[in-house]
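Same chain, two partners: chain A is paired with chain B first, then with chain C.
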Partner chain A sequence: MSKPCLATVWLDGCSGCHMSFLDMDERLIDLAEKVEVVYSPLVDGKDFPEMADITLVEGAVSSAEDLEKIKHIRQHTRILVSLGDCAVTANVPSMRNVLEVDKMLREVYLEQVAGQPQIPNQVVPALLPQARPVHEVVKVDVFVPGCPPPADAIYFLLTELLEGRQPDLSALTRFGK
Partner chain B sequence: MSTTVRIKTLKIDGHDIGAREDETIMAVARQNGIVIPALCHVEGLAAVGACRMCLVEMKNSPRLLPACITRVEEGMDLTTNSERLIKYRRRILELLFSERNHVCAVCVSNGHCELQNMAQSLGMTHVNVPYLYPRLPVDASHDRFVVDHNRCILCTRCVRVCDEIEGAHTWDLMGRGIGVRVITDLNQPWGESESCTGCGKCVNVCPTGALVEKGKSVAEMMKQRQFLPYLTLMREEQR
Partner chain C sequence: MTKQIVIDPISRIEGHAKITIHLDEQGVVHNAYFHVTQFRGFEKLCVGRPFYEMPSLMARICGICPVSHLIASAKACDALLAVRIPQTADKLRRILNLAQIIQSHALSFFHLSSPDFLLGMDSEPAKRNLFGVMRAKPELARDGIRLRQFGQQVIELLGGKRIHPAWVVPGGVSEPLSVAHRDQILAGLPECISIGERTLHWFKSLLDKYRDEIKSFGNFPSLFLGLVKPDGRIAFYEGKLRVVDAAGNIVADQLEAAAYQAHIAEAVEPWTYLKFPYYKPLGYHEGMYRVGPLARLNISDRCGTARADQELAEFHELQRTAVLSSFYFHYARLIEILFAVERLEQILTDPEILDRHVRAFARPNSNEGVGVAEAPRGTLIHHYRVDENGLITWVNLVIATGHNNLAMNRAVLQVAKRYVNGQRLSEGMLNRVEAVIRAYDPCLSCSTHAAGQMPLQIQLVSPEGKVVDEIRRG
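Our next item is the complex of A and B:
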């Protein structure tokens, strides 16, 4: 029997949640026996698989690319997990939400630079008007607050989900932790 | 004048309880080891029933009662912790989180915040209503303190402690509805306030990171509240 497929994705976040994932240390070996990591910044798979059993999403939905990515991933994931405060609340990326995107880009790239003033419009995806939590854009099945959620919480989350249970993480993590 | 106080008998969460008629449900519950959550209520200050976290159910009544400002009555049969109450409390919390910018990760009160603790104790893992992301100021004009409106939940503890205990009444409220803000004097910068004595009581009663001491790190910004009931008691005796 093939192992369940695990994917992780990094939207507008600092990668702290992925660092916390790596912080599971030797438990990663246990986990590697139970799941196959099919797509992640931590592995080399280039395309999202046809269907992932669990996808952990780090980061807020901030750009056109984030939006497209998360919609695609939602369609190809059984259990979508908002991992960490940026995914759950938009957290630090949302601090720019009080500013107007056009005005902000003009100030940063045109008005406050000495040479070659230009707003990047190639390769870099366009910013959405506001950074938003993942569940405001697509349906999320499990929420894991924390900045970042501790490795213990991530391990508990994954082992519970793999056993087919809905994890209660209230004792292991909270907003800002 | 007679000072006789009657005793009322009631039930809280199935326990038979006797209480003085001038006591609130909240006070009686706490005396009997029953914890009713609250954000605006703090021991030593007048109760205002602003946050609505302490709503309780009364048998045969369709209305929920705010425990901090409702006095006990004979024969009350109260429930303080039902599924319905938890659902309402969680929704109130979600509204508080969505109304301002509570970015816990970059807050000096992270780890010592009553709002954050409440979210965890009520199992609030996310906010179901859209965040508003209002543009709000931070006033750091005071020599020693900062007010960050992004983190204010309008509990009015600062307003009450300044008025009732310090006697300065530097703090007050301005505006209506979602536009309400705490202000110092007549909405002047805190640093220019002539009435502020710099006592710091407002900072210490603030449940969140809205009022903090300048230069304190996350681990250092612990609020001290144990002095309040003592000060209140002393004031009462002097009157």
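Our next item is the complex of A and C:
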């Protein structure tokens, strides 16, 4: 029987949750026995699989690209996990929500540079007016707070999910931890 | 020649970075672009926040090198306070920074790049990752995991947490180091030295095999920039800017890092969210420079520790001029790991390291502060202004990955010219483009980001702007 498929993705986050995933250290070797990491910034992915058993999502939904991506992933994932405060609450990325996108871009790209001031608008995706938590745009099955969630919490999360149980993470992580 | 850049439908994008390759009328590669497609707005979202929140807030720019941002930010805040922080705090911050160099370099080398060296640039993509390395050469994978773990554990022992520790504060650090934690760190050093030495040995034995990649992976003249100590030794926490040219000559030395704006300016291109810093005296494009491990070794006269100095001498022999191939970033990273471990021992055995006085308390005394440190990927600059209440009014960040933006674009072009012929893209081409970008270990979280095996999409674009071929990896 083939192993369950694990995917990880990050949207508007700092990749700290992915680093905490790697902080499982030698337990990664055990984990590699139990799951196949099929899609992730950490592996040479193909396209997103037809159906991932578990997908960990880091980061808030901030750009048109994030939105498109998370909708696609939701359709192709059995258990979708909001991993970390940015996915769960939009956290730090949402601090820009009080600012107007156009004004913010103008200030960063027109006022703070010496050479060729202009706002990038080719190839790059447009920003959404606000950064939003993942569950506002698609259904989320499990929420894991933390900035980032500790490696112990991620390991417990995965081993429980792989055993078919709904993990109770309240003892292992909390917002900001 | 004018060329048109295609704006791709957003639905086709699977990552935060993208490359387009442009052909001329003869079907020959004419240009190539590395697009960074994320924008996070840190320079704006912290305006109005109290300055003392800045280190913790700025750490959230990046989970890979949060310590770099903590340190550059805290140094900028020290300047706002206009204090000299206690010597022990200074040393403790240096330890944290070195620990992070170790963990981040280990991540870059073992977790992300070693699959290319071990399994080959053209090996099967589904296995070309850390998990594939675990199967093919478990001891190498374990070495990488252990080395990164050590760096992260040092950060945790000092700061209470591996990622985003709140321990680095304006004026110093919040808690002193205990004897037990010092001894625990010291006990871990010999294993790290062994891992560093055997990995260097292994990597050097591979160099012959990668002659072609060494020749074409971002191998071109450029300036190199970074911090050095007054005597020309390599610097990570504190130093002054030195600029070296491709021939290895010092162009400028002992420039005040806080006055970076006199030496560095930034330009914008319409097709990427990542700005392009350049060395001001030479102007945009001509002022292209590289930062990070390769640059630091090119600009430094010596490291100041026994093993690393021996390796550095050998490294400098690679080329009579500066070492120009970006492939050697990996090599440089391994030497820096060795240096960081050796240096940790020097600092930790200083009796002053256990002093309880680790924080200076003050109100903002200056309305402007600049903090500069060497991040794993290169020179990192945080620049803040505050009002009389200590609320942030203006922020400028020049991020390590940004400094390399011109060079990364140039490197992608060189690889494309070498490996793309005619009208088709191939998997080997895709991986080599990724590999050359990976050599720079770009942190697009920092610059705005995607780490790791870069999610990439490559398009081949005709002179008319038509997409001839496309390949992507998510």
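Just so it is clear, the second predicted complex is superposed on the first by the 176 of 177 C-alpha atoms of A that agree within 3 Å, B and C clash if a C-alpha of one lies under 4 Å from a C-alpha of the other, contacts with A are read in each partner's own complex, and residues count from 1 in each chain.
To be clear about the criterion, a residue touches a chain if its C-beta (ideal position, glycine included) is under 8 Å from a C-beta of that chain, and two chains touch if they have at least 3 such contacts.
This structure is a prediction, so every number in the text was calculated from the model and none was measured.
Asks: Taking the superposition as given, does A:Ser15 touch the first partner, chain B, the second, chain C, both, or neither?
Replies: A:Ser15 contacts chain C only, not chain B.
Asks: Mind working out whether A:Pro133 is in touch with chain B, chain C, both or neither, as first, second, both or neither?
Replies: A:Pro133: touches chain B, not chain C.
Asks: Under the stated touch criterion, which partner chain does A:Cys147 make contact with: chain B (first), chain C (second), both, or neither?
Replies: both
Asks: Counting only touches as set out at the top, which of chain B and chain C does A:Val92 meet: first, second, both, neither?
Replies: In the superposition, A:Val92 touches chain B and chain C alike.
Asks: Using the touch definition from the top, say if A:Ala32 reaches chain B (first), chain C (second), both or neither.
Replies: second
Asks: So in the superposed three-chain picture, is A:Asp53 touching just chain B, just chain C, both, or none of them (first/second/both/neither)?
Replies: Neither: A:Asp53 stays clear of chain B and chain C.
Asks: Tell me which of chain B and chain C touches more residues of chain A.
Replies: Result: the larger residue contact count on chain A belongs to C.
Asks: Please report the chain A residues shared by its interface with chain B and its interface with chain C.
Replies: Shared contact residues on chain A (touching chain B in one complex, chain C in the other): 91-92, 95, 147.
Asks: Help me check something: in the complex, which residues belonging to chain B touch chain A?
Replies: 97, 101-107, 110-111, 113, 116-117, 119-120, 123, 125-127, 130-131, 133-136
Asks: In the complex formed with chain B, which residues of chain A make contact?
Replies: Residues 82, 85, 88-92, 94-95, 97-98, 130, 132-133, 135-136, 140, 143-145, 147, 168-170, 174-177 of chain A touch chain B in their complex.
Asks: Within their complex, state which residues of chain C touch chain A.
Replies: Interface residues on the chain C side: 5-8, 10-11, 13-15, 18, 20, 33, 35-41, 43-46, 57, 60-64, 66, 107, 111-112, 115, 125-126, 128-131, 134, 138, 141-142, 145-146, 148-149, 152, 162-164, 265-273, 275-276, 278, 280, 284, 396, 431, 445, 449-455, 472-474.
Asks: Can you name the residues of chain A that touch chain C in the complex?
Replies: Answer in residue numbers: 10, 12-20, 22-23, 25-26, 28-29, 32, 37, 39-48, 62-65, 68-69, 91-93, 95-96, 99, 104-105, 107-109, 112-125, 127, 147-148, 150-151.
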